[in-house]
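Both complexes shown next keep chain A, but they swap its partner, so chain B is in the first and chain C is in the second.
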Partner chain A sequence: MTEGHQESGGGDSFDLSQFYQIFFEEAGENLDLMEQMLLNLNLETADDEELNGIFRCAHSVKGGAATFGFADVAELTHQMESLLDRLRRHELQPNPMMVDVLLESADASRVLLARHQTGETGEPPSNADLVRRISELAAGGAPAPAAAPPAPAPVVAPPVPVPVAAPAPLSANPGVRQLEIRMGPLERPDQVDGVKDLFRDIVGLGSVAEVASGRADTRVFHATTSSSNEDLLDLFAFHVSREQVNIREMGAAAPGAATWTDRDDPPPGAPVAPAPGFGFFEGAPGVPTGGAAAVTVEATEARPAAAKTGAAKPAPSPVAAQPEAATIRVAISKVDQLINLVGELVITQAMLAQNSQTLDPAANQQLMAGLADLDRNTRDLQESVMSIRMIPMSIVFSRFPRMLRDLASKLGKKVEFVTQGEATELDKGLVEKITDPLTHLVRNSCDHGIEMPADRVAAGKPETGTITLSAAHQGGSIVIEVRDDGRGLSREKILNKARERGLEVSDQMSDGDVWQLIFAPGFSTAEVVTDVSGRGVGMDVVKKNIAALNGTVEIDSSEGYGMRVSVRLPLTLAIMDGMSVGVGDEVYILPLSSVVESFQVKDDAVNTVAQGSRLVKVRDEYMPVIELEKVFQVPRYDGGKSSDIMVVVEAEGSRVALLVDELLGQQQVVVKNLETNYRKVPNVSGATILGDGKVALILDTSTLVRRSRH
Partner chain B sequence: MPLILAVDDSPSMRKMVSFTLAGAGYQVVEAVDGIDAYEKAQSQTFDLVLTDQNMPRLDGLGLTRKLREHPNFKTTPILMLTTESSDMMKQAGRAAGATGWLVKPFDPARLLEVIKKVIK
Partner chain C sequence: MSESDQSGKVVSGPREYLTFRLDQEEYGIDILKVQEIRGYEKPTRIANAPEFIKGVVNLRGTIVPIIDMRLKFNCAQAEYNSFTVVIILNLRNRIVGIVVDSVSDVMELAPENLKAAPDIDGSVDSSAVVGLGSVGDRMLILLDIEKLMSSVDMGLVSVEA
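Here is the complex of A and B:
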């Protein structure tokens, strides 16, 4: 059993563990939403809806954690909820410290939940400091910065009076009271040992001392506290269920004047009934008539002492109806399987289409019509299925507000984060792979691009810099841009650095080519290597990662004004636009995005240089020639013919010319993974099945280009 | 077979309640908030309504008030599932016309026990 987790009481025949997974996901979503809303919260003009929304997130996690027995999560979220409750009732004004502590508490809650989800054992992280800060903020104070973890308490804890934090207590209950708290009958008396810890850990809760109870199954405490009975019962709930707790105010003049809760022994004269934790309103519609002695009928008067002081709770106004999207959760493996099957279907359909070309259309009208329908249906099915894996970019974007806030704060910069096109959809597989490169680019903008506020003002710019992240569909690709209005790239610095590193540069290089230099391995013009970025391992990895996705990266910059990095990706990994070329009897596919041009060549245009490598002159440029026939050792059966077509491809900033026999055409191919079906093959990134059933290898232009360098 | 409407914006709570009720032989319809619940109430008559309090769009109290104005739900037992059973909440519940309340967190056995008392 994980630390801090208890099975809910009385649940022998009910196994709640089947709901845990739903709860973990739900709690995760609530914490994410809470973080998002906190980041978007305008502290001066926070409206009821926003505050209520944030409160509900914490409330929901607390409720679920308590129901399913995750006491540590419930305790922490309960603290958060208390603070948020005061905020939504306008008893407190939100300030940045509150947002910080709530964000940190959400993080801590996630950690606790993750521990439960993976079943980690061992000492859970202590959140006592977070709780202290929340309590102080809730009490209207300004807490000292996070303290070092408190020294472990002595084994035998004498009742140490804990100073009450501030005039306004955790919950609005007037005055400090002396209470007698009876807990029993307890199955295991030691289950309430934790009660004393609560009074020790929670600043402002009060003090407690245990007294003799006279019974083996009962424990009695005397407490001095300004918290309400409700709050105490909530806190104790994680050690002992409510019905077993009896709170009585001591020093009351007469029994009738004591502050009873509905869990107490009933007032004298009432039938003795166990406090049930539920009740019915006398005379209300639907109330059962006659019978059940265990029903506690509620008195009509509100007891003033127990009523909450402070502003009346604002009735949450109904939000304008949002479209409720019906969704179901499906395992990714099922979706992938579906995509695979559809891919196979596309191949089969292509085969049929190819074979039918030799038939006489007149004699096979119905067949041809059927095949035309099939073609259309298959195309539609394919589009539909591919769209299942498409998820909006907002998923990727969502991590940045928080990251930038923390980073900007650490660097002492002011940065505003703007997003555009969050609804643009991208294949899930790509989303996972694009996140790291994008993160690096955004961090780069913040670290190197945006200047310190003073520098910006000196340059006539607004103090707050802006980083914009946008996504849009363009043709068959998605274009993701990271733009900032910072200092931009310095052409001079980059050229100097390049020279330092021995790279071939000239002052005549175009701006575009100069910017591309920063993708060279080890290149970094940062003077100081910060732990944020600047180790120089970033940009080249970014480019490599993007190239691995068949994408491209471009940079545009204007010194003093800012920089823009544009990443272009194919919409999905599974389907590719390719150009097919023939070498001997073999067909190879080149990613269309890497093909620059093609032309026929005469033998004399190709020069052989040292070590047998060949060069071809294309306009004013010499580029290496790669003979695919030799690379793949394609057998030739028709002696006389030789390759005379060059296809120029570009990858990793370099160009090579591939020598092939013929150009076969352009087509969309379904990419099949070779590694999972066979093994990794050099120079090959995948394979596909053509309409005629032949297998065509998809060439890895990056490795081909690298070959030419040796 | 009694038909119960279970309203809660938390999926895990809804599932827990549905499962518990179904296991005890009740038929259950789930709703994700007050508006959803009220819409469902237009086309079905329930023998009991269980509703969470804190929900977006329309909360438990709001739902209770609206239901009591509906001819089919004037005397239907409506139980509020609430994490606070303060007097103010109880007052509000009574004023809205709720039949009673059940404090969260509760365990499944408790839920069934209470339902048995009110369901006809």
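Here is the complex of A and C:
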């Protein structure tokens, strides 16, 4: 099967598409990082490091986008970069509106990138309105909130006193230049029509007029712009290749104009000191000095507004900035392959261990010692490899600050978001599956839990509610909690709703049981269904998703004070400690973490109650008995063994006693999925391969426990 | 064994079939779906499964279900001895093993050798029979093994609730 073959040497047309995937991944990461930094940005005391970091992210994305010909992304990020450049030079003070527009621009960039990635055709969404807002902010103005129908932004900005032509802050600006841009020879001269659109859509780029070229295959434009030639060529790259463009200056304009050999960081695209006499700018955007004063006024006004929209900030102890760790990008398939191979190694090593048990230790001392070493090494190797797939919870938590910020502002609530245990590690496979349920729980807390600021104050609580997301290891599991200090669950309402829906409830039900009712499909006590939640399709899906990961979810609530949802997930999916038990001629495996104790039982200790179910008394507790022989219809031969050993297992908060023939041993088992080639088997959670090469079924203690409840 | 063609040309040209025997009949299945041929080892029983699903075995680390075709096709007898063969099939990422009485050879059948299948009675799902092949005086019942294995009554595919 031939893979895409490598071109020998470099072809004439260098195929960039092989690098697209890398670019998309890196651009995505840069945009994520930029968003995170923007959210963490301290507006009053923004330090150079932070601002530079954000600038670099935008710059990287722009550079990559231009290289690969994604002009729409390049144009948008170019604008963002201009604003960020001014910010990092401290020419402007950051304010919440800038953060908002930059966040929105990052979103828009992601959308554009996604379109390129999936190869969508058709009209891309217009970002002219975003661009307008960016440039107005960059000029120091306060743009009107995003207009709904995006209209192509004219170069006109709200008229601002023009008089002071201050060249000082724009010292890095090459100044306005008059250029003659010659494009040709062109196969299709109309392909450069888009150039005029560029000048029209990108505010501050300048202006352009076409002039007669005298040749059918050449187009000539006269442009007035402050952008460097490099920038112009980048922008035109989408319409015409560099070799076909010739840019010539027609005469320097404002003082301090650099020549077109200026290859430094692109200048801020927007505000330009209007050169006298050219008249190309109608009502130029505000001049910096005037603008700076306007900005500080803006900032102080904007702050109370920001407080009202309930900015969500991360924990008081700020999330540690991503350290510059040396990393390698590895395809997940390679890691999975590695884990599989280590799994095989564990099986082989177990087989060797088993077979060597029959050997005489004295005669085979070296062999036994070697096997003991092998056992240790294999265990270490396996732990190491499993940890490759573990990633810190901070990855999961990272999406919430932004989401809560937007959600809280939309609902008019004030919410503070606190995270704990970000460094707790979780298997990558779990991370992807836990994100949706957690998102739903957090949104629930914000929507239904946290009250409106006025209500909170009336109840004697602080105006700003707190939602805490925490993760911690406990035994062989990871426990993730979503806590809020909102109004909590109302026992009354839930019971009433349950009765309404015909569910069997009684007033004597414990609180815990009442809370579990909200997991019923379609259950919701929300009076108002918002588009955020309230339709009642969320909680049961959450529970199902978590159960699919072999996890559990518990709720604790106190009316008026708040609520806590705890999600417990097993840590590793692939290798676990198991206890093997024998029933008849067959071997079954129980997860060691669910085994509580085991004992030998005499017939008189087991009582039979109505409907044939049996109970056994363990110390002071009666618990149901499950005879594995019956559940799995194990064939019995006359004169064979009979079951007289009970193994108590605990799952989902209840205990049952399993009746087996004998306890065989305890070992690490590699969990194999039955459903890959077969199908889901009731009461079985997977299979494993024993030391002798045979397959043993791993029992699903949760379903066994549930069985006994009926 | 003849070289296998470029995998593209499966439709019109001659195809190769692995032939095996169940009781008195000879069947043929697309050789490209066959991963390997093994001897029979006792599988781990799965409770409450249909009788013809013997259980699962360990195939170099993968858990593979084993289906006894002789029981599925209601053959007169099904012995498990040293001659019993298991054909491991790779059907688009699902690996399944089938127990047969014996495996014969690989036959190349050109379209000319294929005849349409008449409606055969009950035990074999007629929709899985692609046709009848004749070579010399042998008659092969050609099966679409993938279709057969994916059918619901084979019990491999769980029915979505």
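In the analysis below, the second predicted complex is superposed on the first by the 416 of 710 C-alpha atoms of A that agree within 3 Å, B and C clash if a C-alpha of one lies under 4 Å from a C-alpha of the other, contacts with A are read in each partner's own complex, and residues count from 1 in each chain.
As a convention for this text, a residue touches a chain if its C-beta (ideal position, glycine included) is under 8 Å from a C-beta of that chain, and two chains touch if they have at least 3 such contacts.
Source: prediction; values computed, not measured.
Q: In the superposed model, which partner reaches more residues of chain A, chain B or chain C?
A: B
Q: With the two structures laid over each other on chain A, which partner does A:Q508 touch: chain B (first), chain C (second), both, or neither?
A: Neither partner.
Q: Check whether A:F23 is in contact with chain B, with chain C, with both or with neither, and answer first, second, both or neither.
A: First partner only, chain B.
Q: Identify the partner contact of A:T67: answer first if only chain B is touched, second if only chain C is, both if each is, neither if none is.
A: first
Q: Contacts for A:N42 in the overlay, against chain B (first) and chain C (second): which applies, first, second, both or neither?
A: Neither chain B nor chain C is touched by A:N42.
Q: Answer with first, second, both or neither: which of chain B and chain C does A:T121 touch in the superposed model?
A: So A:T121 meets neither chain B nor chain C here.
Q: Please give the residue numbers of chain C that touch chain A in the complex, ascending.
A: Residue positions touching the partner: 43-49, 55-58, 61-65, 94-96, 155-158.
Q: Taking the complex as given, what residues does chain A use to touch chain C?
A: Going through chain A, the ones touching chain C are 340, 343-344, 347, 586, 631-634, 672-682, 684, 687, 689, 693-697.
Q: Name, in rising order, each residue of chain B that touches chain A in their complex.
A: That would be residues 9-13, 15-16, 19-20, 32, 34-36, 54-59, 61-62, 68, 74-79, 83-88, 90-91, 93-94, 97-110, 114, 117-118 of chain B.
Q: Over in the complex, which chain A residues touch chain B? Could you list them?
A: The contact residues of chain A facing chain B are 8-11, 13-14, 16, 18-19, 22-23, 26, 53, 55-56, 59-60, 62-64, 66-68, 230, 237, 242, 262, 277-281, 284-288, 292, 295, 298, 300, 302-303, 306-308, 313, 315-316, 318-319, 321-322, 324.
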